[in-house]
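After this come two complexes, each holding chain A, first together with chain B and then together with chain C.
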Partner chain A sequence: MTKRTSAMIGERLAVAVLSLFLVSLAVFFITELLPGDTAQELLGQAVTKEAAAILREQLGLDRPAVLRYMDWIFGLFRGDLGFSLVSNRPVSDLISERLPNSLILAAITMAITIPLALGLGIIAAIWRGSIFDRAISSAAIMFVSFPEFMIATLIVMLFSVYLKWLPALSFLPPSASFTTIVLAFIMPVTVLVFSSCSQMIRLTRAAISDAMATPYVELALLKGASRPRLVLRHALPNSVAPIVNSVALSMSGLLGGVIIVETVFNYPGLAKLMVDGVMTRDMPLIQTCSMIFCGFYLLLIMAADIIAILSNPRLRR
Partner chain B sequence: MTTLSNAPEAPLASVKDLRVTATTDSGREIEILKGVSFDVHRGEMVALIGESGSGKTTIALSLLAYVREGCHFAGGQVLVDGRDLTKLSESECRKLRGHKVSYVPQSAAASFNPSRKIMDQVIEVAEIHGIFDANTAREKAIKLFRSLSLPNPDTIGERYPHQVSGGQLQRLAAAMALLGDPELVVFDEPTTALDVTTQIEVLRAFKSAIVERGMTGVYVSHDLAVVAQISDRIVVLKDGEVQEAGTTDQIVGAPAHPYTQSLLAAFKPVVPASASDDTSRDRVLETRDVVAGYGVLGPDGRPQVVAVNGVSLTLDRGQSLGVIGESGCGKSTLLRVLSGLLPAASGGLLLDSRELRPQIAQRSKSDLQRMQIVFQLADTALNPAQTIGNIIGRPLTFFKGLKGAEREKRVIELLDMVRMPAQFRHRLPRELSGGQRQRINLARALAAEPEVLLCDEITSALDTVVAAKVLDLLRELQRELHLSYLFVSHDIHTVETLCDRIMVMYAGKCLETFNASDLHQDARHPYTKLLVSSLPTLDPTWLDNLKQDPELVRKFAHA
Partner chain C sequence: MTSASIKPRRKVRFRVKPLAAICLLVVLFWVIVALFAPFFLRYPVGDLVSYDYFGPMSADYWLGTDYLGRDIYSRLVMGARYTIGIAFAGLILAGTIGVVLGLLAAAFGGLFDTLLSRAIDTFVGIPNLLLALVIIAGGGSSIPVLIGAITAIFFPGCYRFTRSMAVNVNALDFISAARARGEGHFYIMIHEILPNIVGPILADLGLRFVHIVLLLSGLSFLGLGVQPPYADWGAMVRENIIGISYGAPAVIIPCLALASLALALNLLIDNLPQRIRDHLE
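For the complex of A and B:
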């Protein structure tokens, strides 16, 4: 790695940290703007103003927003995520219960999606114009146009309600057997794979097709190279940057998908926790969850940038 | 290099009544090749000469059993060693390409894969066809690098394409084509993208490789002088048909067809317009010690990359100043500075003896109106979504406030001025030919009624015959409108025919300025002489007899 490359990567890191800070500001003050507050939410509609004020004071909600922001952000630095206002437990406890579940779901989805989508995209590019390519491309367009909640609802109706093969909910009791766990994962993972695969297939194919139109691919063709060699040896290495970016984008789209899927299947993940937090105006919980999602997103984008830089020999040397 | 056309042996390659058609976007079929026939005998180099659209590259590619997307063989045969290439299966085509017939592309810079090392790409042919193992291939490649006089032959293959120069890449592409010991080598304009001084090095390397191996090949070019150095026979093409074919000596010495004669006319020695003394010495444009470049300004007030380094010039009213130099010498940057697109870091600009602001945004409307720029590529300079009438009309409205019928009348006048019919105002740029678009580009600049025209390589993308017509037009316009031109070009020939005075630039500096009629005088700067001597002539022995001072070449040519 040269000085220039390290400088470029350093710059990306700095930008990521700055973004995270700006996001923390946005998250905190936007949640402030949500109508209603925890005190009202906890005490119900019929509460008197006095009771709400007392509770607010107990929870520290009467202090100025700027001070509460400072408390929160410095707490984050110390690893102190604060207390959930609703369950009165440390936010870190709540999250450590749920985060692994979400990570497992995301990891399984990625492990299936990335090789599947890249593989299909590359094969479609190799045999561009063939029946296989057309089938893949039209299927991809079809699934891009279906929203996740619709796919989720449809497969629940098909496999749980009519066929009764799979459980409609993915609740995981600690004592669950291996088969139960696998069965519980099938539907959420399928929905996520479908929704994130399509865009990636299309972008992979498009990126390779662009590279296929270049003079160096034509020259390789005139050296007698076969279609697979043209794509894999000549076009693909020059399409790494757009492809990793499309992977990062699709994977960050996965986060949105997780929220819907966890809600539909009642899956005990982080997204479900956050949705519940929004219902009860549990600010510390919402804020921390947002920061985790955002950090994940930035991590993906940054990884894509760094891979793209390293894949370019002009920047590498 | 002996002509074997009378030998009894069958030709190695034989193109017989070849027809290729293309399907346009609108689904219409157009004929690109309308029945082309010629033979290539063993040990012979046949040149295909023609302008853009003549079908020469299509023929060259057909010898590799390849047509570009949208095209297809519509009739005739391409026989190589008795096999008809138009009838081969996909896998038979692959076996032929690179092994039996190989290809040297026009722009090696674009034809090398940017993300792979040069050596991997050069020896890929051996890997694809299983000719020899990687180590043998590597040794063979290094031998070829040496015989093509590439610097550091042992290590140059370990670099990436962006780390070597254009002239070197072109020779590396030739090494790649020769690695598999092909029976037929197709060269597709392999030196067109190079500077003249670089071209000589590459031509020399090609010629010695051709002679050494008794190579059989097809050499595609638009440049008769280049072809005269390399080929045994020449086939002249126009609009997909053979106009004339014959030995090099016959085509160059005694062309029979009028089209060949018109191509040769471009090489007639020019009578430079003698610097007319009748015009009063009225200075219209002047620069003083202009420094400009790219990147942030350093503490000394100079940009990170200096492209123009202290250039002073003067241009008199009604005169033309030609600025010549090779790629990267700063000539186009100089124009950008004058036009205000790139503000100078230091130095002064004077238009009609009045200070001109460095930045286009700070200049007055009348300053803008008085100096107009004409860009090299009319294809990209003209807005594809606007009609010709609108393109020419916009500056009329902006500078003159013309509207409606008045504007329309002026548009027609301007079209007439560039010798184009009035109804062209309803067309879109893509419906015009390259030469017509360049005329529109010119008319757009003239609409402002400027005093000075800045012309950036405006004939470089045009075919010889078309370019000659545009130059004629420029001369007529200058007489009629008393215009002053600053004409930037890499082509000495063009500058010599058009300009009164010539300025030679090298590495951002002005080396010398002189009257065009004095170009061939002995007192010229060594670099000017190098440029002039590097221009190929029609004499087939020119390259062999050319003597250039190797010191000088090393100093100035960046092969």
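For the complex of A and C:
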């Protein structure tokens, strides 16, 4: 690594930290400043002015928002995530139960999606215009247009209701055997792969097609290189940056997919926890969950940026 | 007859592909349904009209009845209005803010551009559906909040797209010529830059509209979008999903409506004339 490369990577790290800080501000103040009062919400039917005032004081909601932001952010650093307003348990407990489940789901999905999408995108680019390319591209545009919950619903209908092969819910008792666990994962993972693959295939194919239009690829063609060699040897290494970026951006879609899929299959993950939190307006829970999701997302984007920098041969010397 | 040789200037014509024409018809169909929804209703939307829940399609209930015995056809028609109406309102707001700020950033440049771009990048650090959840957690779910959330989520993309297109045009000679003859920033924005990028921007907004529709129905599916007794297409899927094993049409019909709209719009933009498409990502 040269000095210039490390300087650029350092800059990326700094940008990521700054973004995370700005995101934390946005998350906190959107949840705090918009109208809607947690104390009234918690008391529900039993609300009186006095009761709401007392509860607000107990929860510390009467203090200025800036101070509460400082408390919250320093709490995050110390690992003190506060108490869930609804279940009265520490947020850290709730999250540590759920986070591993979501990570497993996302990891399995990414492990299948990324090679599959890149492979199909590259193959479509190699035989551009062939029946195979048109089949992949049509399927990709179809799945981009379908909402995740539609894919999920149709798959449940097919495999759980009509064929009765797979369980409709992904509830995992601690005593579950290995086969039960695998069966429970099949449908959620399939839905996520379908919904996040298509965008990645389209972007990969487009990035390679762009590189195919450059003079150096034309020169390689004139030298008599075969179509696969043109794509794999000449176009692909120069499209690493846009492809990696598209992978990182599809992760935003994957997260959206995870939120939907965990709800459909009642999967005990972090996204489901957060959706339930939004229903009950459990602010400490929502804030922490958002920060965890944004943290992972920014980490992925940063990793993509760094890979893109490292893939640029002009920066290697 | 020498005068016959003077022909009117030939109009620029695009070849319309048949697929694009079909897609345009589908999109127009749903737009008309959404616009004139009240005229197409057969029953009031929230009314229980039949004791037979998940009833079959019949002369009385064209698409059957839902989990409470309400007319699916009427709810679908009204759902088109919610889905398309809210999404379109959000698109207009996000598009206007994004395009105007993007043009401003490109025309003024310098520190203004840098600061604005950095500030807007913050929003890009929050995944779409997550930002929607946070906003709805703060503001509760109502139609104005939904439109506001859509605007907040989608204007950064419009901004970045417009800005990158406008910056390219801004570097061309005729802009320098306009500046040299003393035109102001706003004149250049509106009369010199905008007409040159309006095609790609409209196509880009079309693609964003698909994303908005999918996001909005996703929210409604989670129960955080349009609230009962009213329902957009996503909410219709949610409320009927309990009957998935015996009342499948009630779930599939709104799904098909969503899929047809989104697919038609995506294919339409995919089959636009190359000149416009070239600029799309």
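Following the convention adopted for this analysis, the second predicted complex is superposed on the first by the 310 of 317 C-alpha atoms of A that agree within 3 Å, B and C clash if a C-alpha of one lies under 4 Å from a C-alpha of the other, contacts with A are read in each partner's own complex, and residues count from 1 in each chain.
Please note the rule applied: contacts are C-beta pairs under 8 Å (C-beta built on N, C-alpha and C of every residue); 3 or more make two chains touch, one makes a residue touch a chain.
Just so it is clear, the structure is predicted and the values come from calculations on it, not from any experiment.
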| item | value |
| --- | --- |
| Chain B versus chain C, judged by how many residues of chain A each one touches | C |
| First, second, both or neither for A:314, with chain B first and chain C second | first |
| Which superposed partner A:278 touches (first chain B, second chain C, both, neither) | second |
| Chain B versus chain C as contact partner of A:226, first or second or both or neither | first |
| Chain B versus chain C as contact partner of A:237, first or second or both or neither | first |
| Touched partner set for A:247, first chain B, second chain C, both or neither | neither |
| Partner chain in contact with A:215 - chain B first, chain C second, else both or neither | first |
| Which superposed partner A:55 touches (first chain B, second chain C, both, neither) | neither |
| For the chain A and chain C complex, residues of the former touching the latter | 19-20, 22-23, 26-27, 30-36, 141-142, 144-150, 153-154, 156-157, 161, 206, 251-253, 255-256, 259-260, 263, 274-275, 277-279, 281, 283, 286, 290, 293-294, 297-298, 301 |
| Touch list for chain C against partner chain A, complex | 121-123, 125-130, 133-140, 210, 214-215, 217-218, 221-224, 234, 237, 241, 244-245, 248, 251-252, 255, 258-259, 262-263, 265-267, 270, 281 |
| For the chain B and chain A complex, residues of the former touching the latter | 61, 64, 66, 94-99, 102-103, 105, 107, 110-116, 124-125, 128-129, 160, 162-163, 173, 176 |
| Chain A to chain B touching residues, read off their complex | 214-216, 218-226, 229, 233-234, 237-238, 311-314, 317 |
